[in-house]
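Okay, so chain A shows up in both of these, paired with chain B first and chain C after.
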Partner chain A sequence: MNERARILLELADDELVIGWRDSEWTGIAPTLEEDVAFSSIAQNEIGHARAAYELAARELGTTADELAYDRDPSEYRCSPLVQPRLLDWAHAIARRCLYEEADRERITALIEADDAEVAALARKIDREEAYHRMHAELWAERLRGQPRFEQALADLRPRLDGERGSDNDEFRELWEEMTSVRRSAPGAEW
Partner chain B sequence: MIYEVFRQERRGKPFEHAGSVEAPDARFAETWAREQYGRRGESEALWLVARDALHEVHDFPDEFDLKYRRVDGYSLKARLKEARERAGTDPARAR
Partner chain C sequence: MVTAERVWSALDEVADPEIPVISLVELGVVRDVRVEGQHVSVTLTPTFLGCPALDAMRQALEEKLAGIGADPHVTVDHGDAWTTDRITAAGREKLRSAGLAPPAPRGEAAPRLVQLQARAFRCPYCGSTETRLENLFGPTPCRSIRYCESCRQPFEQFKTV
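Presenting the complex of A and B:
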């Protein structure tokens, strides 16, 4: 796999998996307003994943859906930060904050890349991420100094530097759920 | 705090009340209102107004039946009937 496809898949896998994990908060967030916003952000991330998978799919001669759902669970390239199910609000928000920080660096680098198609995608993503960052920063300001939030940041921060990849039980469990519908009807035209 | 949300659908159109969001401050209100009232391209702009900042006015008494000052005027039919009865020219009776 070439460098371009690798970068796109890392981006897409991160966005798909964080979108998936954050969508687990739909209906159970602390307030209705936050519920709508958090779910909407999760959906945006899946939209970014879709766009990145489409570019990668052209590179690799496949389709976005196949890349998203039909790969072997060991083939995903997502960061360990996005993988765990976090049904504790302090952790979910801490993850959003850490993710947005890291994502900003990546997207900024991609905007400056020589690859015009990738740079254009990164610019589009960045326009939405600006509001995701605003959301994450508001929560970080509000919760800063609160022991549960600080603990959550400390728990999750090491995952930022963890090795990418999906060869672990946590990811396999997620993959089972994420792909179960497609696996239930192999070869189906949706 | 409750923020009332006014939404402008297209440039040049009036802002119309769209709903409200409950938020701890104006910035949270902005973030949440964006997601609720702006993410589907349905808004050109939003106004967020703290409900406490609204000066509400109601009760418009019209004790002296001054309806004639309103553009929709008053019902002519009832008055015409009254006038005809007084004058004895009720068309029903004349026939």
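Presenting the complex of A and C:
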């Protein structure tokens, strides 16, 4: 796999999985406004994943759907930050804050990279992420200094530097859920 | 005969599937039109990458073009060609009259939280700027929710992107 495909897959896998995890708050967030916010953020992240998979798919001679759902669960390249199911609000918000900070660095680098097509996609993603960052900023301001939030940040921060990859039970379980409908009818055209 | 002018005018009759008061041309998502004989290539740029209406938009454009005797080919450009600054003046007015506040101009940089929290956004119902940000996110990716303190009406604000 070439460098371009590797970078696109890392981006797409992160965005798909955080989108999937954020979507788990749909219907159960602490307020209706956050139900809407998490659902909308999740939709955006999965949209970014789709666009990045499409570019990668062209590079690799496959399709976006196959990259998203038909790889072996051990082959994904996502960060350990995005993988765990976090149905604790302090942790969910802490992850959003940490993810947006790291994602901004990556997107900025891609905008400046010498690849016009990737840079244009990164600029498009950046425009949408601006709203995710504001959402994270609002919550960070509200929760700063609160012991549960600070503890959640401390719990999750080491995952930012963790090795990318999906060869673990946590991811396998996520993958089973994420792909179960698609796998339920082999050969079906969705 | 299929001409570029005829194509643009036909496409201007295709309503946005989520906000039907505005056409896809007024929304600025029709990026480019090329006509070669019957063959018409259209470049479509999504408002948001996760916009679920994209396929519906593509289909509506193709059907419209087939209706004027063209052989349509619609491609989607995932680059950053679309910004809310591409919404036409007529489109903005139609959004406002439908109770959907049009986006503020983008300028060079992304909007900042402090700007969105300022009381500078106009209520599409009563025109007051005494409005507050309720939620950065709304019923579709392209909208936020604001509340007008003056006429006590919540309203949807098109996000600036």
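Convention: the second predicted complex is superposed on the first by the 190 of 190 C-alpha atoms of A that agree within 3 Å, B and C clash if a C-alpha of one lies under 4 Å from a C-alpha of the other, contacts with A are read in each partner's own complex, and residues count from 1 in each chain.
Note that contacts are C-beta pairs under 8 Å (C-beta built on N, C-alpha and C of every residue); 3 or more make two chains touch, one makes a residue touch a chain.
These numbers come from a predicted model, not from an experiment.
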Next item on the list: Could you check whether chain B and chain C clash or fit when both are placed on chain A?
Entry: clash
Next item on the list: Could you look at A:138 and tell me whether it touches chain B, chain C, both or neither (first, second, both, neither)?
Entry: both
Check: Looking at chain A, which partner touches more of its residues: chain C or chain B?
Finding: C
Next item on the list: Give one of first, second, both or neither to describe whether A:81 is in contact with chain B, with chain C, with both, or with none.
Entry: neither
Margin query: Once chain A of both complexes is superposed, is A:124 in touch with chain B (first), chain C (second), both, or neither?
Written below: second
Next item on the list: In the overlay, answer first, second, both or neither for which of chain B and chain C A:51 touches.
Entry: second
Next item on the list: Tell me which partner A:36 touches in the superposition: chain B (first), chain C (second), both or neither.
Entry: both
Check: Of the partners chain B and chain C, which touch A:90 in the superposed model: first, second, both, neither?
Finding: neither
Check: Overlap of the chain B and chain C footprints on chain A, residue-wise?
Finding: 33, 36-37, 40-41, 131, 134-135, 138
Margin query: Per the contact definition, I'd like the list of chain A residues that touch chain C in the complex.
Written below: 33, 36-37, 39-41, 43-48, 50-51, 54-55, 117, 120-121, 123-128, 130-131, 134-135, 137-138
Item checked: List of chain C residues in touch with chain A within their complex -> 46, 48-52, 78-83, 110-113, 116, 134-139, 141, 145, 159, 161
Check: Touching chain B in the complex: which residues of chain A?
Finding: 31-34, 36-37, 40-41, 131, 134-135, 138, 142
Next item on the list: Give every residue of chain B touching chain A within the complex, in rising order.
Entry: 21-24, 27-28, 30-32, 34-36, 39
